[in-house]
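Just so it is clear, A, B, C and D label the chains in written order, and each chain counts residues from 1 on its own.
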Amino acid sequence: MTMVEPQTTGTGRVTVPALEHLLGIAIPVLDDGFVRVVDYLGGDESIVQAARVSYGAGTKSFREDRGLIRYLLRHAHTTPFEMCEIKFHVRVPMDTWRQWIRHRTASVNEYSTRYSVAIDRAQRTDPAAWRVQDSGNRQGSKGFLPTEIGETLSREEAELQDAIHAAYDRRLELGVAREQARKDLPLSTYTEAYWKLNLHNLLHFLKLRMDAHAQLEIRDYARTIGERIVSQWCPLAWEAFVDYEQDGLNLTAAETEMVGLIAAGRMDEAKERALALNWIAITPGKTTIRREGKEFAEKLPRLGLTAPW
Amino acid sequence: MTMVEPQTTGTGRVTVPALEHLLGIAIPVLDDGFVRVVDYLGGDESIVQAARVSYGAGTKSFREDRGLIRYLLRHAHTTPFEMCEIKFHVRVPMDTWRQWIRHRTASVNEYSTRYSVAIDRAQRTDPAAWRVQDSGNRQGSKGFLPTEIGETLSREEAELQDAIHAAYDRRLELGVAREQARKDLPLSTYTEAYWKLNLHNLLHFLKLRMDAHAQLEIRDYARTIGERIVSQWCPLAWEAFVDYEQDGLNLTAAETEMVGLIAAGRMDEAKERALALNWIAITPGKTTIRREGKEFAEKLPRLGLTAPW
Amino acid sequence: MTMVEPQTTGTGRVTVPALEHLLGIAIPVLDDGFVRVVDYLGGDESIVQAARVSYGAGTKSFREDRGLIRYLLRHAHTTPFEMCEIKFHVRVPMDTWRQWIRHRTASVNEYSTRYSVAIDRAQRTDPAAWRVQDSGNRQGSKGFLPTEIGETLSREEAELQDAIHAAYDRRLELGVAREQARKDLPLSTYTEAYWKLNLHNLLHFLKLRMDAHAQLEIRDYARTIGERIVSQWCPLAWEAFVDYEQDGLNLTAAETEMVGLIAAGRMDEAKERALALNWIAITPGKTTIRREGKEFAEKLPRLGLTAPW
Amino acid sequence: MTMVEPQTTGTGRVTVPALEHLLGIAIPVLDDGFVRVVDYLGGDESIVQAARVSYGAGTKSFREDRGLIRYLLRHAHTTPFEMCEIKFHVRVPMDTWRQWIRHRTASVNEYSTRYSVAIDRAQRTDPAAWRVQDSGNRQGSKGFLPTEIGETLSREEAELQDAIHAAYDRRLELGVAREQARKDLPLSTYTEAYWKLNLHNLLHFLKLRMDAHAQLEIRDYARTIGERIVSQWCPLAWEAFVDYEQDGLNLTAAETEMVGLIAAGRMDEAKERALALNWIAITPGKTTIRREGKEFAEKLPRLGLTAPW
C-alpha cells in the first residue's frame, strides 16, 4: 500500500495504513456476530491538526503530537477527537443491540425485518456459558452454572428457538405481514447494522461498555472494537484513553481527604471521618461497611493502602 | 385530583390547565400498553415568548399569537418549539420500542430487565387482527387474514408466548442471571420507560410515526400522543402542525411544473414531459407508470386534477 | 497533488475522484474568506449501501441508484444520508460565524483568540455593497445605497476598523491578556475553524442558508459549499436536493384546497374561502391581503395560476 | 405560594419551592448582564424516579434518595439527570456568548440584531480589572495591571465603544440594513437569549465553565447558575456534583502507581519511574519538570504527599 506522504496531507486524505489492512474484514464476536470496519475519516494526526487550529503551528515532532493528544484527553478537551469518524458494519443479537442503540450520538442504518425476512440465526449459549445471578450486584452475573445444568438449558434453548422460528415461518407462509410475523422472535435474534460515529463518542461508548459492569455480550463487542480496531486506527489516542479513562482512578472529594489521612498513617482520624461520612456504622460487636465505604476500600489496593476499619 | 391553579402568580411557571387534567392518567394503547403524561414545561405561550425575544414586544392578542405560531411552523423556524418540553411514562412492546428509540433526540430511562424480572406480559393479537403482507409496498401490510386462520394463529401465539415465559421462569429458578435469562423473550414483551423530549422533536416523531407508512402499532401510540395529548397541551402549535405538516402537500420541482401544465389543460405537453422525466414509459399497447409518476398521480385528486396518461 | 487512487482495492475506502481534485483548495468567499475541503468519508454509493442494508441487495444499476436516492430524499428517509461525512476548513467573519454555529449538529474546532493573537483582518464592504433595510421584511435588506453614500460608509468603516485594531494592539503591548484584549474587536473580524458534519445535516444547513431569506454573507458560503462542493461529492443526492428541497413547493392543507378551486376555475368560491380563512379582509373600497394570503399568492405563478382576489 | 403537597405529586407537576422563589428574578452578572430562571421541569425527585423505573420501587427515605443520586453521579449513570430541565433568560456579552454557545446540547433563542436594533450596551471594564497575560498558561490571565494603566485603558475603551456605536447609529440613519450595519459592533456588545437544557448537560457546562481555566467572564455566569440556582433547584444532585465532579481528584494510571510508591515512602523508585515516564529530565546540575510531571505534583498536596524530585 502506498501511503500518502505527510507533506502532501493538504491534498490527499489522511490515511492510516494499519487500519487499511482491516477494512472489510469481519472480526468474529459471540457465536455468529462480527464487527467490520467499512470506512473511516482521519486519525491521530487529525486530532493534532484540530487542536492546532488554535495557533497555526508548523510541523511538530511525534513526541509533541503524543504529548498534545495526552494533554487533550487528560483535560477533557474533547472536540478534537470529534474530527475522526469511523463506520462499522456489525452483526449483533437484538438483545445486545437494545443496549447499544441507547448511545444516541451515532448514525445508524439497521437491517429491516419489515422489509425482509428476519435473519435466521439467534445467539446460542454454550452449556458451559450459563451465568449465575450475582447476589451482590443486582444487575450482574457471577460465575457459571454446572455444565450438567447448562446442558439441559442449552438443549431447551435450541428447542425453544427452533419452535419460535417454526412459528415465524408458518406465519409468513400463511401470508402474515413480515412486520407483524416477527413480533415473537426472540431477543437473541441477530440483526445487522451500519454504525458510524466520531472518535470522541466512540471512546465514551467504549468506556461504558468495556467496563466490568457492562453485560458480557456487549463487552465482547466493545473490547473487539477498542483493542483490535481503535488501537490500530488512532494508537496515540487509544494509549491515552487506556492510561486515563480505563485505568485511571477517580477520587471524590471525601476520598481524596481520606487517602491523605491514610497515607499519613493517621488511621484513627480516618476511621472517625469514615463514621462521620456514614461510610461505616459501628454497633457493639459489628462494623457495617456502607456502599460509599466499600467503593472506597476497593480503590485502596491500587494505591498500596488499606482501609482504616 | 388536586389541580395546580393556573398562572397563580406572575412569577410562577407557565401552566396549561387542559394538560393538568391529563397528568398521571394512563391512556390505554394496544392490548396492555399506555401513554401517560408525567410532567411538562411550557405551552403555546412559550413558543411565542421565544420567538419574540427577537424584538421584546409587549402583550399581543390571541389572534397574533396564533398567526405567529403558524408563521413559525410554515417557515421551519423550529427553535421556538424547542422551548416546550414534555415527559411521558409509556408501556410499549419491545418490538415497537425498537422503532421508537431510533429517535435520538429524547431522554430515556427504560425498565431494566437486568435489574428486575421482565414484565410478565407480551402483546397478544386478536384473531381478527392478523395483517396480510402488502405485495406492492414491501414494508407494509394490507387488510386482514380470515378469522378462522387468525384464530389458529392467535392460539399458537398464546401457546408460544407461554412456552417462552415458562422457559424464562425455569432459567431464573435455576439461578441463571436475569441479564442472560431474558435472551429469548419475545420481541412482543412489554417494556416501560420515561420518555422526555421537546415539542419540536416530538412533532418530528409524530410526523413520521402518524404517517400511513408507519407500522400500525407505533402509529397507535403516535396518534394517541398527538390527538389526545399535544392537542391539549399546545393547541395552536398542534393546529398548525395538522394544517402544514400532516395535511400539507409537498410538490417537487418537476411536480410543480406538471401541475401548472395540467391546470392549464395542456395535457399533451404534460404527457410528453412525464415521458421525458421517465415517470411513464410507453411501448406499443402498454403504458407503464413508474414510481415517481405514481406518487405524482396520487397527489392530483387533492388538487382536483387528473393525470395526463 | 498526489491523488489517492480511486477504489484501488476491495478493501479500500469509498473515494470520489471529483472531490479529490478539490481537496485542500481554498475556494474564496467574501473579501478574505474561504471554504476548503480537508477530508471526507463516503459518497452517493454510501447512501445507497446504507439504504440497502435492509435487503442485502446485490449490484444495482446507476439508474436504480439514482432512483433510490431520490426516493429516500422525497420521503424523508434521512438516515442513509448520515453515512457521508465531510470536513471543511473555513475562514468566516465572526458575524457570519455567529449564525453558522447555531447549527448544533457539527463538530467544530475554532481558532482561539485566547491562545493566539486575533486574525488581523476584518471584512470590508465595497462602496457599492451597502444594502438598504427592507421595509417589508424586517430582517432583510433590499437593494443598495447610492455609491456616493457607500463611499463615505466604506471610508468610515476602514477608519473604524483601523482604530479598533490599534486599540487591540495597544492593549496587547501593555500586557493585557489576549482573552480580554479582544473584547472590542468588531464582529466583522475573520475567524477560522474546522467544521465537520454529515451530509444530512449539511443539506439541512444548506436548505436554510441558501434560502433567499438568509443573510447575503452566509448565503455566499452556503452556495459555495452546495454548488461547488456537494455537487461534486454526491451528485445524485445534490440533484435530488435541488429538485425536492430547494426548488420544490410546499402547500398547506388550505392552500391545497385553494389550488383545487382555482385550477377548476371556481374563483368565487376560492375568494369566499380566502375570506373565511382570514387570508383577505374586504371593507368597502379596500381589499387587504394578510400574510398567509400573500404567501399563497406568491406560490401561484409557479403553478401558472392567479389569485382569486 | 401554594405548594403542591407531596402526596398529590401523581396528579400535579413536580415543584421545587426554593426555585419557585427565584422564578423571574434577574441575578446580576458582570456590569450589565444577568441570569434569570424562566421555567423548569422536575427536581431531585425526578432523578430518583427515573432511576427507579428499573425496579418499580415504592416510597424511599430521604437518605436513600440522597444515596441513590450520589451513586448515579459517581458511576456516570447520567440519563436520570436528563429528566430535569431548566430554562433561563440570560444577558451576556457576545464575546462570552461565543464560548457559551459552543455547548451544543441546549435549546436557544437569541435576540436578533437583524430584526431589531442592537442592544445599546457593551461590557465595560473597571480600571482595576484589566488582567495581565499569563506567561505560563498561554490561554489564561494572571493578576491585574496597575490602576493608572487601567484608567487609561478604561477611558480608551469607553471612547472606542462610543465611536463604534456612533458609526452604527449613522449607518442606520443612512438606511443601511440592520443585518449589515451591525458588522463592526464590538464583541463586548450585550445580547440576550433564552437558554434551555437538561440538568445533565447543565452540569457538564458548569464543570467546564466553573473551572479555574475558564475565562473569568463565563466563570462568573457559571458560578451564578451553579451556586445560586442549581443548588436551590436540585440540592442533592448539586451536593454530589460538588463532591465528585468539582472537588474530586482524577489520577491517571501512572499517577495512581506513583501515589502508591510515594505513600509507601519508596521515593527513589518513584523518582526513577518519573524519569522513565518522561515526567522529569535530569541533566547534570538541572532537573526539568515536564508537563505531566508538573500536573502530577500539583495534585499531591491534596493527598498530603510531596513529589519525589
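Going forward, a residue touches a chain if its C-beta (ideal position, glycine included) is under 8 Å from a C-beta of that chain, and two chains touch if they have at least 3 such contacts.
All figures in this text were calculated on a predicted structure; none of them were measured in a lab.
Enquirer: If you apply the touch rule, which chains end up adjacent to both chain A and chain B?
Expert: C, D
Enquirer: Same or different: at the chain B/chain C interface, is the fraction of residue numbers used by both copies above or below half?
Expert: same
Enquirer: Which chain's C-alpha centroid is most distant from that of chain A?
Expert: Max centre-to-centre separation from chain A belongs to C.
Enquirer: In angstrom, rounded to a whole number, how far apart do the mean CA points of chain A and chain C lie?
Expert: 37
Enquirer: Hey, how far is the Cα centre of chain A from the one of chain D, in Å?
Expert: From the centre of chain A to the centre of chain D is 29 Å.
Enquirer: Residues of chain D that touch two or more other chains: which are they?
Expert: 55, 108, 112, 115, 138
Enquirer: Can you tell me which positions in chain D touch chain C when the two form their complex?
Expert: 93-95, 98, 101-102, 104-105, 108, 112, 114-115, 122-123, 125, 130-134, 138-142, 145, 149, 153, 156-157, 160-161, 163-164, 167, 170-172, 174-180, 182-189, 215
Enquirer: In the complex of these two chains, what residues of chain C are touching chain A?
Expert: Result: residues 1-5, 10-14, 20, 23-24, 39-42, 46, 49-51, 53-56, 79-80, 82-83, 85, 87, 89, 107-112, 115-116, 192-194, 196, 198 of chain C touch chain A.
Enquirer: Quick one: in the complex, what on chain D touches chain A?
Expert: Within the complex, chain D contacts chain A at residues 55, 67, 70-71, 74-76, 138, 208, 213, 242-244, 246-256, 259-264, 291-292, 295, 302-305.
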